[in-house]
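So the structure is just underneath, and the comments pick up after that.
As written, the chains take the letters A, B, C and D, and residue 1 is the first residue of each chain.
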């Protein structure tokens, strides 16, 4: 293997740049030529491919976003799109690819590999942490800390005004962000897709607090909770308890940006290095993960189809610590 | 004067604790007894009044929120409520009051002073900075920095995905928060209540950017803009430009919390000291302000009725720097 | 078991308060009475022991330092001191203790347990992360992020001025803080106690960089490196390369303070809960740890005597990524 | 005027990039060509001069350091050096220059203007805030907030351990950074070059605190205090009070880096615009300043020779609020 490429795809995540840097530097270390592909599969189809050097990735480890940019690409879903992508890749003589993204990215990579045989290794770049095959995904630790920082600020106001705050964090399908935010934010309750939310229990708990004159509450809501996002849930609560001063804050896209934390820079660096060394070792069609502190490789198929469970012991922590 | 009291009222603002600390310490320095009143005018009515010492305010200068808590109080709008408040105040022998809050707080203080003659000095505690009689209000600098920090994070994502972001910051009646956020956040446009927003110009600017392949935009919207908040404005834009990937982020209550900045701690400390020394010097019925670096006093009446204009030169900065 | 106590000892670490909170709340959850002991073993000897309730630990999860305070205690090294401590503990009817601290704390606890039989469980509260029996210690993640934040700021200046910076981070006996700081800070070199530092190699690397006009360097030094701290190492370099503009920054005690990160709040909460539930289950004389995401218990004796090795793969990351 | 240039010189300061951006954008807005000069006067002499466009300064407003880099330049002190610089400037047809830096920078600019007549306008880029002719310098607000953030973290540890901390902040000739750090950090004392420090008073105050069992102190020391830096002062204190657990922290170069605050971005933007519009209006040989919220222009000669006094009322605040 002499030439490899790297791209980012799907929603951006803090640490993607640290991962790109690690891919480039590891390639240089092993005397490979390395190319960047701009805007995910779009750039692959349109030949937005350029050489990267060690200095190209200087001073990016601390930057949010992705210097290679990211975008959705409908054309890659078509055989024609993938054919054009392969032609571009071939033109540059690229023999292996590192794809940084989530399940959508890996699904495309799997098909592409099947059709054209080019080895692709994936790095899990998504703040959601709901990918099977790794304890943590790139950007997750940063996103949790960003959300927690916002929750700390909201608590100042909640305490000063004796209010109930419903704070919505990201997580369409999982409570991975919501759960540590609830524990770390000292929240009174957490609502996540993985468990059934009982509105009557929620209302009962608030009323109980009210009775023993506890009047400031923070409730963390994962955006994809079965009872809806924070706005819907707050509306249901207000209907039952109209006297309650309930406020809603949706932390939103802020969670995707910002300087990556130490843990995310470390994880991204490890994964980028492992992806390149995996390609060199002849691996393909797998996602790099870190489990129990060790690098592991999971076939794209498993990553895409298997579900990572939420920690039961964390759910118990929320319950015990909010007494 | 031997005994004074201090309370916070209205929306909380970072720096209120630094101001409380300065009031207490200045009182102690001048050998006055000082009392805290909890939950604004409510605590005054209900006698929630307790002695504060120098050490009572140790280690609070860096804390968001208000240790005295804050709340709305409908009862103080009634003559009966104010009578009860005066009785409580008298019971403790309090001869002067420092009120930290905004226009609502000062309106109550003015009436109370008129009816019962007790000297009250105000400190402008509100993140909105729209109070006449001071260049800056307590919490404003912190709120702007908090909003800017969120905007920086959003820019990471906007750049990576080539998206248009409408970011809503606080400001029901003014663009005081929005304007420095737009300049400091490198935003392409700003929409504030003080100027008429032309939706057709907004759309035209976005289309022009589009044509010269500028596809990432950040537009700051004050919540009280004449064309609506960020959600409404984004909806209007999407109707005209359906191809645009427009996202909305409402920064919300996060702006009210957090550790106060250096400037806010300094301002709050200056104002708290000036309020107490004003009372000692026989002043009453005035708001402390800082203008051009000097302490100034403005009658409550002027603060409440006069409008502080927005800086024309800042508006020009947004225009020039977004070329 | 009906009454337990908790104290902090040794150097403070961010997350100690989150751990105290978890101890108190878990005790309350299990219907135990819980007491706080002030200033470590000093407070135990002097009977500085007071009841804690669920609300006593409200709103402390995000606070640096320790509300129970910490101090060294020479008297506890003597049989008389420990006797007095046991008398105080007995007076309050305390039947189990959670000690939050490091090796010094656990050494005292082990002797105390041996002499008086009172069950003690330890939580590893130290930023250094060099305790055997846990993947992470309380405060470590925060300290690394604090140091990294400083290194990011220094890089701004290093890049602008083309300078060499020697940045000293904490770590008298280990490179646990230095290593992730070097990887995450994109440092060119790292010097830690666990490996032999060759000054001639350091100088050679700087000269090589100089030749290919790389003139801005960041070198992370653990305070206990075999060649000395940053000041000494910089002096040696300057002697060999007098033309070099070498600056030294010692991050220092800042690393011990600050709001704990999400990971530290989570870890502290888990450990505090596990310590109390361990006591209830009849455990004693052990340190709670988290290894591979699971709670584990290690006898004090092992924690104190065994050495936790540094990660070889992290050392390799620094080398590969600085090409 | 058709072509102008911009450079940064002297110690870097957060906000320099925001100022460069404003210079470039304002030039573009007024249809001027604009050039960047790398590494201060060095780049001028060596012809390190390149065209800048509006997009060249995209996404730099939030970045610490300076994209144009900075360096000392001994050669510019010689007539030959300045002659070479003028030849380079002339080659590019540059008719006006914006110099971002401090007194050293302006001294060079003044001589250069005198010798060659080229109009130069200065922007005060230094964290020290000790320049005559402006209320604030670029980077000052950020540096104070950075130092304050460190002081907040140190207070956590000081409180937990009952220690005395001597914290050294930048300020070789002035207490401009030290003073707001002392007020905002709730410090017990401040030592600055502008006032005479009495070691016997310092020791007396510490002893008094000790007697009323106040055992945690934070003392802010400007590096250029008449009694020495923090290390020297702590040594003198330890000699007199050997029982005291006195620690030293030198915040150091961290103060020069980091993302500029909102106030610094605003100030830098205003100044950059005013410098360019000053050049267009025929101004030369002056430093742009902001006083009482308004743009003012001060001849280089005054800036260099006059001394900006420290605020007496801030000194009083430290005294009153530490009771």
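Quick notes
The definition used in the following text is that a residue touches a chain if its C-beta (ideal position, glycine included) is under 8 Å from a C-beta of that chain, and two chains touch if they have at least 3 such contacts.
For reference, the UniProt names are A, B, C, D = ATP-dependent 6-phosphofructokinase.
Nothing here was measured: the structure is a model prediction, and the numbers come from that model.
Both subunit A and subunit D are touched by B, C.
Of all the chains, the one whose CA centre sits at the greatest distance from that of subunit C is B.
Subunit C has its Cα centroid 39 Å from the Cα centroid of subunit B. Centre-to-centre, using mean CA coordinates, subunit A is 29 Å away from subunit C. Centroids built from CA atoms put subunit D at 35 Å from subunit C. Across the assembly, subunit C contributes residues 152, 155, 159 that each touch 2 or more other chains. If you sketch which chains touch which, the chains form one closed loop in which each chain touches exactly two neighbours. Applying the touch definition to all chain combinations yields A-B, A-C, B-D, C-D. On the subunit A side of its complex with subunit B, the touching residues are 8, 11-12, 14, 16, 63-66, 69-71, 146, 150, 152-157, 159-162, 165, 247, 249-254, 256-258.
Subunit C makes touch with subunit A in their complex at residues 18, 21-22, 25-26, 28-29, 54, 58-59, 61-62, 135, 141, 144-145, 148, 152, 155, 159, 180-181, 183-186, 259, 261-263, 265-266, 269-270, 273, 292-293, 295, 313-314, 317, 320-323.
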